[in-house]
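Each chain gets a letter, A, B, C and D, in the order it is written, and its residues are counted from 1.
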Amino acid sequence: MDFDWSPEEIAFREEVREFIRTEMTDAVKGSIFIDTPARVEFVTKMARRGWLGMGFPEQYGGSPNPFPLAQFILNAELDRSGAPIIGKNVGTIASTIYHVASEEMKMEFLPMIFRNEGQWAITYTEPNAGTDLGSLQCRAIDMGDHFEVTGMKHYITSAHFCRWHWMALRTDPDAPKHKGISIFIVDHDTPGLSLSPMSTIGREGTTHRTNQVFFDKMKIPRSRLVGEVNKGFYYMMEALDYERFAILSFASRVRRYTKIVNWYKNADFNGERPINDPYTRRALARMAARVEVGTMLERMAICKAQYEVPAVEAAMNKAWGATIGDEFAQLALDLMGPFGGLWGGEHSPFGGGLADEHLMAGHARVAAGGVDTSKAIIARRLLGLPNALGKPELPQR
Amino acid sequence: MDFDWSPEEIAFREEVREFIRTEMTDAVKGSIFIDTPARVEFVTKMARRGWLGMGFPEQYGGSPNPFPLAQFILNAELDRSGAPIIGKNVGTIASTIYHVASEEMKMEFLPMIFRNEGQWAITYTEPNAGTDLGSLQCRAIDMGDHFEVTGMKHYITSAHFCRWHWMALRTDPDAPKHKGISIFIVDHDTPGLSLSPMSTIGREGTTHRTNQVFFDKMKIPRSRLVGEVNKGFYYMMEALDYERFAILSFASRVRRYTKIVNWYKNADFNGERPINDPYTRRALARMAARVEVGTMLERMAICKAQYEVPAVEAAMNKAWGATIGDEFAQLALDLMGPFGGLWGGEHSPFGGGLADEHLMAGHARVAAGGVDTSKAIIARRLLGLPNALGKPELPQR
Amino acid sequence: MDIKLTDDQAQLQEIASKFMDKHCSFDFVRKMEKESDLGFCRDMWRQFAEMGWLGIMVPEKHDGMGMSLLDTVVLIRELGRHICPSPFLFTSVLAADVIAQVGSPEQQAELLPQIVAGEKIYAFAYQEYSRFFRPEHIKLEAKKSGDKYVLNGSKLFVEFADGADTLLVAARTGEANSQDGLTLLLVDRNSAGISTKHMPTMSRDRHYQVDFSNVEVPGSALLGELDKGWEALEPSLHKAVIAFCAYTNGAGFEMHGYATQYARERVQFGRPIGQMQTIQGYLAQMIMELYGADMLTMFSAFQIDKGRHARGYVAKAKAFSADTVGHVMDVSSQIFGGMGYMEEQDTTLYLRRGKQYQLALGGTEYWEDVIAEEIIDREPVVLT
Amino acid sequence: MDIKLTDDQAQLQEIASKFMDKHCSFDFVRKMEKESDLGFCRDMWRQFAEMGWLGIMVPEKHDGMGMSLLDTVVLIRELGRHICPSPFLFTSVLAADVIAQVGSPEQQAELLPQIVAGEKIYAFAYQEYSRFFRPEHIKLEAKKSGDKYVLNGSKLFVEFADGADTLLVAARTGEANSQDGLTLLLVDRNSAGISTKHMPTMSRDRHYQVDFSNVEVPGSALLGELDKGWEALEPSLHKAVIAFCAYTNGAGFEMHGYATQYARERVQFGRPIGQMQTIQGYLAQMIMELYGADMLTMFSAFQIDKGRHARGYVAKAKAFSADTVGHVMDVSSQIFGGMGYMEEQDTTLYLRRGKQYQLALGGTEYWEDVIAEEIIDREPVVLT
């Protein structure tokens, strides 16, 4: 049992930190929700170092994994500094292509992903199929050499700057609902595809754009079908385990907590100093223990990741992280009295950033599986309790 | 809208208080869990004043209800002072007899109940039928002039001093499970009935005895069938609304809270006075608001009770009361540092009573429907959400 | 004891509800947020005046309706349901009441009918740069100079300061860092030396920093007695706080209703999400809290109307209502899933207000300290 | 980084687990609660000695195993799983460590082998009549008189004081109300002037009030330096606290396991109750907390073993483990329904211990204050 990083791990972490120090500009920083040219450029620089394809074979543009935890260390450092992390392109799309797609498709797309050429949108959700992806209705009708699609998707978060869609569509309406979905790669320029913007709440300039995507007799060549027809639901479920691991890092929450402590140490309201108030001291202390637990659960997940997919640990990380994020944003605002509600201006301790964090804290509790879903995963996979949600366990293909 | 008690209500409350001042002895006080000769005697004195049969017709030994809230005021005052309250005998048994039993049975049993002659046990639960009363298995086989019973019941709380059992048994094993249960009145001295004691956790002398009850070819005369055969489940469900109302009173929690505040004001640990600690002051203050909410929800229930059965309000009262009771016992122990864990002795602020309260606080959360069940009642009956527990809504008979 | 609304109250509630349904749509609220300079609507204010609402608490001899705080609570809860932006709280509850309680006969005769007629709007200039809400923290100085006062200092979170005609200012005239030594002044918003700066908030309402630089106000601006400002203000402030609780409770009930309706209708995994035990638990917990907050608020109003010492009840009502509205807006939003966080989604209007309501007019910690003073330091313990 | 147990640790865990399964049944625990004068079993203590456990942290040169705190945590977690009553914590962790750290060569050579052999049992006489756990609150006086010390005062919550041979006493020799001026003394339990009184607890264990009335102890009883008792004690106390966390975490895991098994098997309304979303949520939440507490405990042990400043980690581990064990015992009991509160039900052995563990060795508020000192007052803020 060794909680210390190895010399090799420390050396790599230093390399990442040095890269961030050199390449990180204010334009790169910001919410993970917003993609900008500066952020794309930053990721491309990482790609040139081989950091996107770590662990994938070289013939597909990959590079050897220096050691098991490299990808995690990379993401944790990126997350801590507010840089874009290695996310769905590698975690969901490249992993699935690598495991199930044809050799041709691997050769076409994997090198592109690992070079960060062309952005991707995950185009799954529909108005009546959010958490319940098995209920997708948007049809892809098999026309022989191509599939034809008419319908819509919503909450598609990168659609307004993507080149490709990683898209789930219903290919067999008569099969049991989980057995009639397929995955396709769809060129964003395909005729018949159009967008309408939506946006999250937030201050002007900090909101996150997402999209509705409409299809009108859009044609997808059969060659763009990923893996086997009607196996899409299982591909999505398997990828969730990878993705959940890829998107988690507790580092940014620790950083935010540290910022609050720093503010707290120096806060002075016309002579009244919160630091002298035993009540808020204990509130911050309690939160410190809960934040520390988050780093511990993260440690569990990454240690397990050296041996197997840490699905349960990732679910814990997700549930704890979202819960703490919420509690923590509440606490931060409470500490500030009425100033917590400010959305900017000189009296707003973090220029309104904390208020934004509070507003979106609930989103983190429900997004990407959500706290309740994560707990159900823990209950079923770790504790062996019977299925409650009506969701299928990951079935055999 | 008038939150004040009317002169009539105040006068009756004074009458009850005067009665308690006169009749209440240390032997009468104590947990509602423990029945003693002194407590039985106390209730008999109330019976003589006509307080048990309030609202029932005089031909059955009842007496006119002076005004709609009389029964509630009576119970609140009893509860506040730690006296036995008017409970299941009237709320469940007399009410059900009055509504569904034969004239003969009414004449036989109601006057007896209202005079407090002969104690009763509610003999429903079985090892595989706790909350889920529809799953009762213990059979009563119809032999014509009598029913024969072999089997067992457990958690039967007054069985060791009762004269009568109010008993639910399965009379039709082939019908849908809610349609094959009947209610019987069973004499405790019936041959074939035997007991085995169980007890709750607690300090010596404060535990609550309950019982397993065994039946070996016990015979119940047909005349002791209550109402119609196979309607028992519906009788039990309807009575629950009455009972839930009858057993709730927030007064004792308010009293316990007040005791803690009193302790807190005077507490002195070698010069360290909790009263000077802003942290515990706020903790007590927060609890004060939550206790006050309890009295408000109680007010809602009793005001509604003037017009109709306050099933939803009673569920709120139950859920809030049990939750607050638990939070409150935790807080009380936390306030006392390590002394909270003491089960008596000179350093135990309330002689171990608070520790007992803490230990049984969870029981209140799960007993008599429980917090989660109460919330489900609120969700379904008030908010119109669909059935989730698999429990049937109260169906039409 | 009976908690049913009186017929008059029920009628008031119905009228208010219908008016709000008609005039205070989500579109209206969004327009006030984004396009209105004032942050409220003068036309609507005139309609309030026509219906007599602006004088709901003003004595009849000054053209008001002379109704109780409990009646006012019934009305303002409907405004809160529709998160209606207006200077009603500080004009028709706080200012009207404090003028009626401590104003001179001349002030009453002049100012109250103006309020009733909708001619004058008041803003409340109290909070300064402090986490708390205590009078001790007020530093804005009013210096007597001949027959005038000269004001210097800053007030924060002055709602509708730009649209108001008069500022109700709590100023320090005596002892520092004390409850004593405060004085209430009615200051013309257009006095020389006053400047304002918008303080952006999550709810996109109109809160301002108001800076006073050698602002001269006449002696007639004095409301009540010199140095006795807190004694004059506190009882009326309690009424305003209770009215505010009613407003936020109304908002909470409405949001809870939207979430409940969504839970009934939204189907996932082949059944309404409202069938899930966790969703039922969230909604049931919140409705209990809302009922509790609502009852506590009404009970406090009732006690105040009866002239009883109600400081502890007010504090409990505020602390609990504040936590409730924060909790209800957050958890209800979660029931909508990702949609609950989209700008296009109307319930986000409520979400953006939840935490801010919670922190307004003294945060929970401030009011918890007040509760503690009442239950620990003040009230004798009676064990019955 | 790797959190897998080493082979040696895994072996130790397995041996301990098997031993406990065999010797520390529920019947045994109930017997210790009710029928044993000591509250623990001397036979079992001898077996601990035979297996070398009593010297797990004692250096090899004094007959011990010289293992790390992390190893000890692995062992004691198994004892905790079975809520095994024994003086292990204060004898083999606290006393052994403090003697090894600050004892004179003679004391080490004499006392440590005794501990290893199971010949001497220690009890920890520290807490006095205070809600807190701070050294400032210690008042028991030790007055130097020639070559002796004379002790007067009272200690509370001295576990196994009646079965112990030696009391490790923290006494005031210098400045009052201060961290300084404390001195550690090893006091023969049978000294004249010592009397004990049982303090009944929810867990029916053996805590005592120990009164010292002119108790004379020889100069050789001094452990470490005069007036430097807290500096001597605190590092070892941190180790004992971490070991205690491991014990309570073990108990929590075990209880959680019983509740999980029950949820899988108990059928109501035609299906296992563990299928209900709320039950799943409770169990999932608790296992997260348990893993978190366990990892924090092990991480703290690791930091201590490395000789790093770990006060903040220890405090976090204690505060969080304490709240976790309280929460887990309560909620797990609720999953059993009414049965969870019946004397006959073995899980009530755990329920009765939950809150008491939570409050032991300094309540959560004490440790939260320590965390605050570390993160607010001590640690510089590093933003990377």
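The working rule: a contact is a pair of C-beta atoms (placed from the backbone, for glycine too) under 8 Å apart; a residue touches a chain by one contact, two chains touch by 3 or more.
All values derive from a computational prediction rather than experimental measurement.
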item: Repeat of interface A-D, chosen from B-C, A-C or B-D - more than half of residue-number contact pairs shared; value: B-C
item: Furthest chain, CA centroid comparison against subunit B; value: A
item: Chain pair with more C-beta contacts, B-D versus A-B; value: B-D
item: Distance from the mean Cα position of subunit B to that of subunit A, given in whole angstrom; value: 51
item: Subunit A and subunit C: spacing of chain centres that average the CA atoms, whole Å; value: 41
item: Numbers and ranges of subunit A residues touching at least 2 other chains; value: 278-279, 282, 372, 389
item: Residue numbers of subunit C (touch at least two other chains); value: 271, 276-278, 281, 365
item: For the subunit A and subunit D complex, residues of the former touching the latter; value: 1-6, 9, 17, 69, 80-81, 255, 258-259, 261-262, 264-265, 275, 278, 281-282, 284-286, 288-290, 292-294, 296-297, 299-300, 302-303, 306, 316, 319-320, 372, 374-376, 378-380, 382-389
item: Residues on subunit C engaged by subunit D in the complex (per definition of touch); value: 276-278, 281
item: Subunit A - residues contacting subunit B, complex; value: 277-279, 282
item: Residue ranges of subunit D touching subunit B (in the complex, touch as defined); value: 127-132, 137, 139, 156-157, 197-204, 209, 267-271, 276, 278, 326, 330-331, 333-334, 337-338, 340-344, 348, 351-352, 355-356, 359-360, 363-365
item: Residues on subunit C engaged by subunit B in the complex (per definition of touch); value: 1-6, 9, 70, 260, 263-264, 271-272, 274-277, 279-281, 283-285, 287-289, 291-293, 295-296, 298-299, 302-303, 306, 312-313, 315-316, 319-320, 365, 368-372, 375-376, 381-384
